[in-house]
Amino acid sequence: MRDIYCLTLFLLFLVMSGMQVQKKEKVIFFGDSITNAGVKPGGYITLMQEKIKKDGGPDYELIGAGIGGNKVYDLYLRFQEDVLDKKPDVVVIYIGVNDVWHKQSNQTGTDPDKFVAFYTAMIKKLQASGIRVIVCTPAVIGERTDFSNSQDGDLNRYSQMIRDLAAKYGCGLVDLRKAFLEYNLANNPGNKESGILTTDRVHLNPTGNQLVADLMFKGLSTK
Amino acid sequence: MRDIYCLTLFLLFLVMSGMQVQKKEKVIFFGDSITNAGVKPGGYITLMQEKIKKDGGPDYELIGAGIGGNKVYDLYLRFQEDVLDKKPDVVVIYIGVNDVWHKQSNQTGTDPDKFVAFYTAMIKKLQASGIRVIVCTPAVIGERTDFSNSQDGDLNRYSQMIRDLAAKYGCGLVDLRKAFLEYNLANNPGNKESGILTTDRVHLNPTGNQLVADLMFKGLSTK
Amino acid sequence: MRDIYCLTLFLLFLVMSGMQVQKKEKVIFFGDSITNAGVKPGGYITLMQEKIKKDGGPDYELIGAGIGGNKVYDLYLRFQEDVLDKKPDVVVIYIGVNDVWHKQSNQTGTDPDKFVAFYTAMIKKLQASGIRVIVCTPAVIGERTDFSNSQDGDLNRYSQMIRDLAAKYGCGLVDLRKAFLEYNLANNPGNKESGILTTDRVHLNPTGNQLVADLMFKGLSTK
Amino acid sequence: MRDIYCLTLFLLFLVMSGMQVQKKEKVIFFGDSITNAGVKPGGYITLMQEKIKKDGGPDYELIGAGIGGNKVYDLYLRFQEDVLDKKPDVVVIYIGVNDVWHKQSNQTGTDPDKFVAFYTAMIKKLQASGIRVIVCTPAVIGERTDFSNSQDGDLNRYSQMIRDLAAKYGCGLVDLRKAFLEYNLANNPGNKESGILTTDRVHLNPTGNQLVADLMFKGLSTK
């Protein structure tokens, strides 16, 4: 009788282990129009999915939750529904371009202190639910490499705020701004505004999507 | 035996009725620097409290929850802690000046559609908790009466959005913008920018605090 | 001999009078994209020219000198070349929309005091050369009639500054802003942003061009 | 007789040479509030004058023509009166901070193409009058060294436009922006916003005035 009991337990263990191995890690990419485009053909999330399928790499379920025009507080407004209710294992927050950009285009950007306040609130709620958090710096609004894009000052500042948050709360960091600058320093000798990694100074062209996909993959793998 | 039972019940009913009469209605004023100043000596909330004490009118517990520089989404970020957790009977939302003003002063105002989205989210949560909601239009950024204050266009627009929300969700409405304009049309023949109801085009002078106190009282009494 | 002399003088007088009657009054319309479009088919200047040709009315030579995106200081930069050197009899200054509009679209509007300074400099130079000056108020950025177009405050203010300049320096005034508002109050019951007198909140549709043509004509005839 | 004639001529030559040596070179510093402060005690122009007096160096007559809040087009408006009519030998144009800064503070900055247009018009007029032109880049709006001051992008861009103008028209160049950055990289390890060369991110403290004085001297001496 005791043997059967042990055997049952052992089998149960095997089954559960198997289930655990099978279980995909659910990753939500939470962001703006760049992430919204990320799930379309050629988008950075689509590229990641195709790579997983081809290489049979780590088993992620990648979910895009990007909405055009979103700023950090827009994420917060739909945070419960679009993130917490979906019970993800990992959340990649990729926000900040519009918080800076809309200062010029609409006079409706986000103050630095409020950017940090909303961002912090989301990190804390995610970590309180045991969800791994990865944060990204906003890549570019203009690809000129001599810091003469008109909003480079703010992008540098908000990026540093995000790096500081990552350090403070122990989040993963995908430093897109740094990577985009390095790529442009190597590949944009003409100091062009767009066309290297973006189509229009902000949104990703195929090269940009591939670069982001690679960096996101690295970010997900780094624990 | 049965009579005693009836008598006890009757007494209990009296006591409970009495308690209910005694119970103060808790009112939270949820807003920005104008509301923050409202609880100080001479502020509109202080004036209301003094009037209640003197006249022995309706028994309200008036709570100021104003923070300088707040916009609609800042209210939303501290909504649970500063409002819902306090279990008020009534919430007076008085926001919008900074959502417009900061467009010019900091390029960090609030887009109209997002203003409505955050405002709606708060109204719905309050009403779902059975809390009465009173909304206020933002009074002035400049007191000139010929609509030549540089942000009159937006103030008129955002005020109309708030009036529409009040109508749509059956909220009380304290139309400060309308009242301030009427007061200025009657009392600002020189078309001055400030000094009639405000000290600095935005913040209330004693006359302004008294006007807001009177209008808020009327708003609270109108059910 | 003396008779012949007198006769000659008399004939000469007749000829010169005739020449004077024949001489066209040269009118330069000095402005922005609205005036640039004014010389195209259906534009307000073209409509005026067609009316003159048809009615045989007062003999004006109408010259369009509008450049897209121009603000008051852009007019000043090209003032000598595009106006003074052409020796006009009348100059119609129609500027101000971009001075206000670009505040929001590019953060490059014009401060009120500087608007007045450049405007005054041009009026003085024109009057010093004996040129008649007619000034126009900027019509609309958005056609809503309840002053809820976001830049109505500034448009009302800058228009008043122009009316004050006209009064101070004895210039003719074509009050387009007033006329457009009156037309919209009568013809825009739905409080639409555009489509009544403009195609896009700013630039004139056929009805708008006709209204401006009529008002300009009246302005030219009023001495 | 002929000897006397020769002697007279020779003496005349000596006198004229002497007069020429005596003649001071008139230098006008044409700019904004920074230049306006430059003529006050401790200001950069005052420091230059004191140095000349002490060292007995090159004999310049230094004239400050700075007005607070001026942008490039404000210089142009008062160009004839404040510069050309004074018949200077050298004009130092030091403008651009407000053209960038006022984008954020007042939404009334200057578009890049118009900045170049007004700047070019002044250079051409000066050179047509045989006046030597020295141009300066705008130093800083914020002294952080990692290009995270919010308007660094525009300052870098407008500075480059000025460098390009100097090259194109053969003007002297005092590259304050470059010099300020280098100084801060060496002396601002804490990445502070102000207090190194400025009092308030823009206006010069004593160290800043001394640095500008030294650079201006070098610029004047380099022909």
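Observations on the structure shown:
To keep things simple, chains are lettered A, B, C and D as they appear, and every chain counts its residues starting from 1.
As a working rule, a residue touches a chain if its C-beta (ideal position, glycine included) is under 8 Å from a C-beta of that chain, and two chains touch if they have at least 3 such contacts.
By chain, with names taken from UniProt: A, B, C, D = Lysophospholipase L1.
Not measured: the values here are computed from a predicted model.
With centres computed as the average of Cα coordinates, no chain lies farther from chain A than C.
Between C-D and the choices A-B, A-D or B-C, the pair with more than half the same contact pairs by residue number is A-B. Interface residue usage between chain A and chain B, two copies of one sequence, is largely shared: over half of the residue numbers at the contact are used by both copies.
Centroids of chain B and chain C (each the mean of its C-alpha atoms) stand 47 Å apart. Chain D has its Cα centroid 54 Å from the Cα centroid of chain B. Chain geometry summary: the mean Cα position of chain A and that of chain B are 39 Å apart. In chain A, the positions touching at least two other chains are 104, 107.
The touching residues of chain B, when paired with chain A in their complex, are 73-74, 76-77, 102-104, 106-111, 114, 117-118, 121. Taken together, the chain B residues at the contact with chain C in this complex read 107, 142, 146-154, 156-157, 160.
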